[in-house]
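In what comes next, chain A is part of two complexes: it sits with chain B in the first one and with chain C in the second one.
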Partner chain A sequence: MLYIHKASCISPQNTFNNVDLSILMPSFENMLRAIEPGYEGIPPGQLRRMGKAVRLGVGAALPLLKDSPQLAGIILGTANGGMEDCIKFLNQIIDYDEGTLTPTNFVQSTTNAIASQIAFMSGNKGYNITHVHRGLSFENALQDAMMHAIEDPTKTYLLGGVDEISDYNFNIDFLLGCFKEKFTSNDALFNANTPGTIAGEGAAMFLVGGQKENSLACMHALSVLTSTDERELKESFAEFIYSNNINLEEVDVFISGENGDRRQDNFNTEIELAMPPEIGIVRYKHLTGEYPSASAFSLWLACHLAQGNTAPAHMVKKVGAKKTCRNILVYNCYQGLQHSFMHVTS
Partner chain B sequence: MTKVFVTGMGLITSLGDSVVENRNSLCSGKSGITSLELFKSKYADSLPFAEIKIATEKLKEILSVDSADLTRTSLLALHACKQAILDSGLDSSQVKSMRTAIVGANTVGGMCLTDELYKDSNSKEKGSPFLASYDAGSVTLFLQKHFGLKGIANTINTACSSSANVIMYGSRLIKNGLADRVIVGGVDSLAKFTINGFNSLHILSKEACRPFDKSRQGLNLGEGAGFLILEKESLVQNRNVYAEVSGYCNANDAFHPSSLSEQGDGPFNAMKGALDLAGISTKDIDYINAHGTATENNDQVESVALLRLFGTVPPFSSTKSNTGHTLGAAGAVEAIFSILSLYHSELYPHLRFTDPIPETKLIPVQEYEKRDMKHVMSNSFGFGGNCTSLVFSKV
Partner chain C sequence: MENTVLKEELKANIVKFLNLISVNPSDIKDDEPLFGEGLGLDSIDAIELIVLLDRVYGIKITDPKEGRKIFIDINTMVDYIEKNRTK
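Let's look at the complex of A and B:
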């Protein structure tokens, strides 16, 4: 069993220093950009060279590494890593016709740069890996950490999910039809009834391991599916509930990855219909926007709620019958293809 | 805990488009490092590359696929993956089982189409057919769809050690009971992105590379794909088994984004960890397929780490002297070469070696040799300090 001991999150909302979800920070031109902190603890010379994804990842990780036990490794999920640097280097190649280029952007753009930068800064010589399976990048990192907790329950790992908005991925995903054609503010995301969503970014980091003592939450079960078929989704969810002995009557809250894209509503509805009516439903994509590793934010949110915090009204889709929030189901769907279910308890 | 066996392998590199062709090339000391004929780059005349001399359109024809969004990277992966499945004798229902996982690796995905990507990322006009084909995950997602895979699917990117990590990760999925079989592999095709990236770091050699040689001048970029089928012991029964995946370890050097520490702690810890997991000592390793990129830094540090751990270093070579550095494919390609050595009891000649590095004096295998072996090691180290070593054992 994987236990979460600490959690940290840099997002477009007030989640980093003093967590306050009651005020919804607004989106701008269909983008929710992360509120970047002062990054205390990163030497200014190093900070200047870091691309945004690296800054977000390192910045969210550092508070967890202070006064923590020796880490056995770093396990990250990111679909694209440092795309800002990638595009800068790409533009140089074309603009200077493969002339003499500077390597900084190239080195920063490798997808594994975030995990390796955290290793350098903390002197961590342990396991170090970056999972990049698009909308299931974080889920695969989580699966990796869950295996480690079984392989050696005494060890502690840094687990995280990071992705950034760059001109590159925003443009490409826009051309793919992922984002709304008209500017839609995030407070109206779920009422727009149009195709597409809004873009987001963020980093959520966790200290995890096999020891239960003093944990925030327990990652009880995880399952993924790649499919465009809602019947398959329904079967997969039923199988997830059955094979992990989850009693739906005991679930307090369902965290939905609903993102305002009308074309994905059928999947979210399918899962909502499979729940008993008294379960409360909480949404968060109007806080974060959509990005491939947004499910890392949903796990941070699950830990936050499991600590006794309540979700403000703008996040509540349906008020649940129960006052407690110790048994949480999370569902996410990325681009109508990659689905994941998580069961978190405390 | 179950053992994990390799039951199928598939390859395409500059040495040939099958495992058999690659083995023949290795036996005869063939080099795939030549001039560019197909790939367009400003460096075509000044730098050698290990290019696969099959055009992208021809690959589509060979593989009977014809989708506009397919990149060369996905096609090379499909080619090697198809061979590996065929070689293992898996039928369609086994491939499509919920208990069959896939773990792929690459470093730049569809960014081999650097010019198309430039247009797509900088314009608000209509996009190219490749919009969903640039990210690393796109290659594995294509294979999932093509073969109708239903189990766990993942893509890993740890730079040049990426596809050593997929063999490790796939083995762990089986040992943890999350899959019975795992299709694992790595791929990368030549890209302006990596050519210019490595060139900006001044580590591309103007001549065919000379790993572990005193006069080495850097690496040559190559392209390729290697896929393996890993299965849990109980499924294998009377079928052919190439090797057991007996040891693996991933460790970070935690020193510098693009070079290894003088003492080589990352390589040392990765090799030591892999031996410990296999439950064997340094004396038991019969051959090491070194990372051996032929850069000043790698070969020096890898030699130091080898000497630190082994004292007397067993026979070793770098097959990058044949294939160039295939980046995200290198770990899987070289794992297959290591397994071929073990399975056929033979060592392949390392090319273009004349003088050892003065400080470390290590001399690679330079002649074809028949030799019975029990355990072989394959090293893969990458940018970001990402080091992984694998141990394969005779079954």
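Let's look at the complex of A and C:
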């Protein structure tokens, strides 16, 4: 069991400081860019050097570290880290013929720059790791944290998922067909019935540990699958439910990672059909856009709902029979290949 | 290029290359120390300044000791650029 004690999120919506999901912030040119706060806790001298992914990660993490116990470690998931700085640096190698290169872009471009910057700023010398498994980056970080919580339940860890939109990477992914060809507003994402989705970014951070006291929610079970086969997905979901003793009749809400890509609807439908009809369904990718560690947002959302907050109408795909929201199933699918299931309770 | 024009250009380049988001180029005084108590730059900024001189003015600094004499303030940088620029 992994207990979540605090959660923080910087996203394209109002999720930082005063959380308000009722107003849907609009996408622009098939991108949902994060609303960046003022970053009061970051010294200007350091802030000016940070790439966006580092800013988002550090900015989301710092509020959690105030008045918190000493961290035993920092465990993050990011597929791309500071991709914008990485590509700037690679381009400089070519443009300047491997000559004099700027150190800042290089320092910010490594995927572990976020976790190391948080460690540096908080003076943490504990376990520090960044998982970079594309669409399962956050899930691998989560698995790592769950294993640490079993090993020593008394310790506290910072867990998080971060990714940024890089203009370079957006273009590459667009050519791969990941994003919609025509501009599609995020409020119409689920009705577009076209291939591709819209791009997103964000950072979600959690203080986690093995002790239940004062926790927001409990991460009861996690499972991942890499497959393009619907039947295999269905079997994997059934195995997840069975092996973790999850009673589907007790599940209140299903958080779906549906992203408006017509080519991936079959996976979401498969999971929805495997659940009792009275379970409510909530969607969130029109809030965040698609990015490899978007499942970190879904866990933040699960914590938010588990605290008694309700999902506004634009997020509800199907109204559930239950009023409570203490038993939550989360499914995410990245690029029709990487799947994850989470069971969260409170 | 006149000395004052070069100074203004250099200040603008320093703000741009070092991403000094809260600094206006005109706020940087000609005789204000760039490192320490003045503009407050650090060792990574020193490398960024070496890159700036290379890319903008075609000056390659290979001896770190040389940098200590050049990067004192705007005046010393401009003197060095005027004498050594290849662009």
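Here is the rule we use: the second predicted complex is superposed on the first by the 346 of 346 C-alpha atoms of A that agree within 3 Å, B and C clash if a C-alpha of one lies under 4 Å from a C-alpha of the other, contacts with A are read in each partner's own complex, and residues count from 1 in each chain.
FYI, a contact is a pair of C-beta atoms (placed from the backbone, for glycine too) under 8 Å apart; a residue touches a chain by one contact, two chains touch by 3 or more.
Keep in mind the model is a prediction, meaning the values are calculated, not measured.
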Touched partner set for A:103, first chain B, second chain C, both or neither: both
Chain C versus chain B, contacts on chain A by residue: B
Touched partner set for A:133, first chain B, second chain C, both or neither: first
First, second, both or neither for A:123, with chain B first and chain C second: first
Which superposed partner A:317 touches (first chain B, second chain C, both, neither): neither
Which of chain B and chain C A:91 touches, first, second, both or neither: first
Which of chain B and chain C A:326 touches, first, second, both or neither: neither
Interface residues of chain A shared between complexes with chain B and chain C: 100-103, 107
Residue numbers on chain A that touch chain C, as the complex places them: 44-45, 47-49, 96, 99-104, 107
Chain B - residues contacting chain A, complex: 41-43, 107, 111, 114-115, 117-118, 120-124, 126-127, 131-132, 134-138, 140-141, 144, 152-159, 165, 169, 172-173, 176, 178, 192-193, 195-197, 199-201, 250-258, 265-266, 269, 382-386
Of all residues in chain C, those that touch chain A in their complex: 17-22, 40, 42, 44, 47-48, 50-51, 54-55, 60
Residue ranges of chain A touching chain B (in the complex, touch as defined): 73-74, 79-81, 86-87, 89-94, 97-98, 100-103, 106-108, 110-113, 115-117, 119-120, 122-134, 136-137, 140, 143-144, 147, 150-151, 167-168, 171-172, 174-176, 224, 226, 337
